[in-house]
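As structure tokens, the structure follows; a few thoughts come after it.
Letters A, B, C and D mark the chains in the order given here, with residues in each chain numbered from 1 onward.
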Amino acid sequence: MQTESLCDLDDDLRRSILRHMLTARGVDEEARQLQKQGALDLWLSCQGQEAAQVGSVLAVGPDATVFPSYREHAVALTRGVTAEELVAQWAGRTFCGWDPRDRRFFPYTLVLAAQTLHAVGYSIGRRLQGLDDFVVVYVGDGATSEGDMSEAMNLAAVESASVLFICQNNGWAISKPAAEQMVTTVAERARGFGIESALIQGDDPETVHRQCVRAAEHVRDRRSPYLIEMRVGRIHGHSTSDAQEVYRGRDDIARTAAADPVLAYADRLTGLDVVDAEWLRGVESQVRDIRERLMKKYAS
Amino acid sequence: MSARRQTPLAETINATLADLLERDPRVLLVGEDIGRLGGVFRVTRGLRERFGRERVRDSLLAESTIVGHAVGLALSGLVPVCEIQFDGFTYPAVNQLVTQAGRMVNRWNGDLRLSLVVRIPSGGGVRGVEHHSESNEALFARVPGISVAYPSSGEDADQILRHAVGMGSPVVIYEPIRLYWRRGLPDRLGGPAVPPTSARIVRRGADVTVATFGAITNDVLAAAQALSPSVETEVVDLRWLAPIDMTTVLESVARTGRLLVVHEATKDVGIGAEVAAAVSESGFDSLKCAIRRLAPERRDYPPADFERDYQIGVERIKEEVLEMVK
Amino acid sequence: MSARRQTPLAETINATLADLLERDPRVLLVGEDIGRLGGVFRVTRGLRERFGRERVRDSLLAESTIVGHAVGLALSGLVPVCEIQFDGFTYPAVNQLVTQAGRMVNRWNGDLRLSLVVRIPSGGGVRGVEHHSESNEALFARVPGISVAYPSSGEDADQILRHAVGMGSPVVIYEPIRLYWRRGLPDRLGGPAVPPTSARIVRRGADVTVATFGAITNDVLAAAQALSPSVETEVVDLRWLAPIDMTTVLESVARTGRLLVVHEATKDVGIGAEVAAAVSESGFDSLKCAIRRLAPERRDYPPADFERDYQIGVERIKEEVLEMVK
Amino acid sequence: MQTESLCDLDDDLRRSILRHMLTARGVDEEARQLQKQGALDLWLSCQGQEAAQVGSVLAVGPDATVFPSYREHAVALTRGVTAEELVAQWAGRTFCGWDPRDRRFFPYTLVLAAQTLHAVGYSIGRRLQGLDDFVVVYVGDGATSEGDMSEAMNLAAVESASVLFICQNNGWAISKPAAEQMVTTVAERARGFGIESALIQGDDPETVHRQCVRAAEHVRDRRSPYLIEMRVGRIHGHSTSDAQEVYRGRDDIARTAAADPVLAYADRLTGLDVVDAEWLRGVESQVRDIRERLMKKYAS
């Protein structure tokens, strides 16, 4: 497992990362509220995965086309999908609330791992047309058991496709622990197919950013795939319909909540004087506005 | 609409599964999240605690694995009862079901019992997100080696499950999600069907036969009740979609002279097509008017906000029946 | 039976594919063994040499990969024309076809053109081993987002392929294996269908309408010819199975008053069910007698030695038509 | 790649191996003849793979249940399937000509890789019932690209199922070279899933035997899966319908024919005086009888 000391990110970027993390957290909180009030049918929280999501999507830059799974809300928001656009799907209004082309952020795919093959095909298709072929695809730990994931890794390896696979291993596929889903790691599995890979902790956005910058360089320079597996925490249940207390230990739930990457990063940047109370209040007020707009649109 | 206080469908299935596990050591359950969690619909709750993790198995997250390795379990002499989490996630398992499970007995020249049941929660009406409201029963109904059932009540689910585990060939059982925990469903006629693979007349009536199945059966019953006594509707709950008990349907149409088929899956090449075609072939002379099918037109199940337009409601069933007796 | 010396179906498809590759740089072919080998039926032979391995792509041996990555190719603006090696090996690709390709345009709120064609050699009658003689067209015909065609002649295959690549939504095209290299097929009426998605009346007759498609169309034509002039059979080659051009069928039945549907896939919940049901709904008043379906009963396609009993031959078609006009 | 010197097989076993290889070759030749005459619809030759097949099936012993793909004719014959039973399927008479239970050799599976999941499930099922759970499953190089193969490896690893995967890599999936089907080896891929593995040359039956004995011991002792990838040659086309000259170099075809494992082993045992001309004539005459019975049954 690779981790590194903090060194190379400038403070603007750090503040940007934190702002996106706080925004995602706020939107996620609001969505959970809205679901409780019956305004949304379902919500799959991304809480605990903000560092992994914001760090990775900022690292790959705005040009990479992103094929998400369905929990990449922080990626979506960072890419400019508005909160209203994001939750439209969970309010039962549409299958995709945003313009996928415009944001280079494609629709959520609810059939697990199906998007991995689309991503590889898209990259091959772009390369064949002489266009930028760098593609990022997100997948969960549980979804890697589906045949499509293995097929996509093999295809990417054989075609040397410019695809960065990002597996957010949050330790659970609904109630199934990742350790019972596989005996190795997704990163090792990728190497078995001939894809270079790294396994990292996904709770520090700077580590994530750095590793993803490097991974993206690998993909772009060598025009070959790469897989990053990020260990993240799932703070809430699988979805708002899921009571994780049924199958998950209290301690584990408490430990995950305590290791909240958003709070940790806010504390860290405060301690480093990269942000101060005023800056935080500013972001808080922006987030409050976003939440209010969201509530107004959906709670009515 | 009369309504008894029934045991909800999910509880009945849970009890039936428990009893099957209890009586037959060869039976085991396999599916995503069915153990620790008790299933996303809580249909299997408590079973892992009671029968252990070896017999109530939280499977890997891979539907081809679920069915594919269940074929192996069945070959070894066990009786796996698999669960697919939602109808919309059945497709990765289609290859193993159609080309393997469904053909294995034949491939062994008949010298094999392959007892394998796949339970699939199905249907909409619960504001599901994409893929969570599907009805793909017609997909398997056309496959010769696979039997397909779609019970609409706890009593039927119990009877069908018990029969299915003993058939020695694969059975896919669809379970209507929106009935899992509903109480107060319309009353039905009579007791369990005889034989267990037959359709069931759940309401008698002389004017029109409505053949249907699944959750919508209750809407048909509600419509029939509302139309009575001016129009008396006979309601046939098909229960089995492959093979279909056409004898019961044809006998009913012979009495009423009119057939309406109602289902929740889209109309094209669906179960309604089969029933209508079979009656237009073998019951033509008893028909007083054109057969009708009432089912969603050819389009994807929409986002939840639009599912009311998509779903066939009690009103449309009433209108259709009234049109037929006009 | 009259017989011109025609270009075999496989050659026509080869020429059409070549022309499509020639005219449109976005078109590319993907499939197992289609490049170096030219396909196991030699339908794509010479194309890799002519257009290069980037455009005539020998895929990995994985059908979900073929269709799944073709969805990505299509999203990138290309027009992939995939080949599945045999109908029986379509099933691993069902998930990508049904839940992904077929729903993608809708998922994008209609703001997407997804041009993706899947060619599937299909049907029996060539003494194939297990899985090599299947006919699973009904599987996709019921899926709203997928169009399904089943041409039975080179002319139709050409027209349908050209239309399919421009539809902006996925199309599955079944190709009758046993016609690939056959010459001397019965003559047909008229020229290409207008519009390209319509059925085609390939023989005129006043007594009975036979709706059919695929290789068996030639058997129907042969039977019709043999029965003439004592019985005059009108033959409708459906060509498209989803959506079906029911207007042409209903107009024909309005003239003849009798409908027989013939196909090679098993009868249950098949295309014949849909056609029969639709006519029993909308053409009831013009019917002089019961509709009939002629198709194999519900059982697996048997080993080659038994396929004659399974296949519907010219004789059985004649008998069935004669029964209807009795 | 692991190979070893000849040391531990006794001469009876060596003769038995050679006899089975010669028998398989003779039956395969006869089947090809019968196909040419129209008595069989199709034949998928196993020529070039006899060492791998006979060596492996003798190594795992008669109790292991075998899930074959469709080209394991030498395995079948060694397990006691008769030549007539074997070709019945290819003559269009049945989907399986032998009694699968009796021979512990299950029916051929023509849908690629589907049998890998059956094999793992069967082993799990046997273990659950307290029965011998050792299972062998054969798969080709091309078939490993199917999602089912990856799913089966993951399942076997997670369940620690007593399954020996044997991949006969004959370099081709019809016209697709194995090198274009994957960038690593199947053996490496297995390790990515947490399955121990070995890549060996499959042209020497003694190497194969030795490695498979060891692999079987691993599976039985540790009750965990193992994968052996064997490099073999495909002497003829994919099937009798396949003209490999269209896509395969003359040299490669000639080289493969020249490296015929059956001839090589017969020569070797002759050179070592393990067999002599008389012994060979004896086997030849037995094979002739088998071929005649086969011809009589099918050519008529």
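By our rule, a contact is a pair of C-beta atoms (placed from the backbone, for glycine too) under 8 Å apart; a residue touches a chain by one contact, two chains touch by 3 or more.
Note that the structure is a prediction, hence the values are computed from the model and not measured.
**Student:** Looking only at C-beta pairs that count as contacts, which pair of chains has more of them, C-D or A-C?
**Tutor:** When the contacts at C-D and A-C are counted, A-C has more.
**Student:** I'd like to verify one number: the distance from the centre of chain C to the centre of chain D, where each centre is the average of its C-alpha atoms, in whole angstrom.
**Tutor:** Centre separation, chain C to chain D: 38 Å.
**Student:** CA centre of chain B versus CA centre of chain C: separation in Å?
**Tutor:** Chain centres of chain B and chain C, defined by C-alpha means, are spaced 30 Å apart.
**Student:** Cα centroid separation between chain A and chain C, in whole Å?
**Tutor:** 43
**Student:** Residues of chain B that touch two or more other chains: which are they?
**Tutor:** 60, 62, 64-65, 88, 91-92, 95, 99, 103, 106-107, 130-131
**Student:** Provide the list of chain D residues touching at least two other chains, using ranges where the numbers run on.
**Tutor:** Answer for chain D, listing residues that touch two or more other chains: 94-95, 111, 145-148, 151, 154, 158, 180-181.
**Student:** Would you identify the shape of the chain contact graph, picking one of line, ring, star, complete or other?
**Tutor:** If you draw each chain as a dot and join those that touch, every dot ends up joined to every other.
**Student:** What does chain D use to touch chain B in their complex?
**Tutor:** Result: residues 94-96, 99-101, 106-107, 109, 111, 114, 116-126, 128-129, 131, 147-148, 151-152, 154-155, 158 of chain D touch chain B.
**Student:** Tell me, which parts of chain B touch chain A in their complex?
**Tutor:** Residues 32-33, 35-38, 40, 58, 60-65, 88-89, 91-92, 127-132, 303-305, 307.
**Student:** Sort out for me which residues of chain B touch chain D in the complex.
**Tutor:** Per the touch definition, chain B meets chain D at residues 28, 54, 60, 62, 64-65, 68-78, 92, 95-96, 99-100, 103, 106-109, 111.
**Student:** Under the stated contact criterion, what part of chain C meets chain B in this complex?
**Tutor:** These residues of chain C touch chain B: 88, 91-92, 94-95, 98-99, 103, 106-107, 130-131, 138-139, 141-142, 144-145, 242-243, 265-266, 268-274, 276-282, 284-285, 287, 289-293, 298-300.
**Student:** Applying the document's contact rule, which stretches of chain A touch chain D when the two form their complex?
**Tutor:** Against chain D, the touching part of chain A is residues 145-151, 154, 157-158, 180-184, 188-194.
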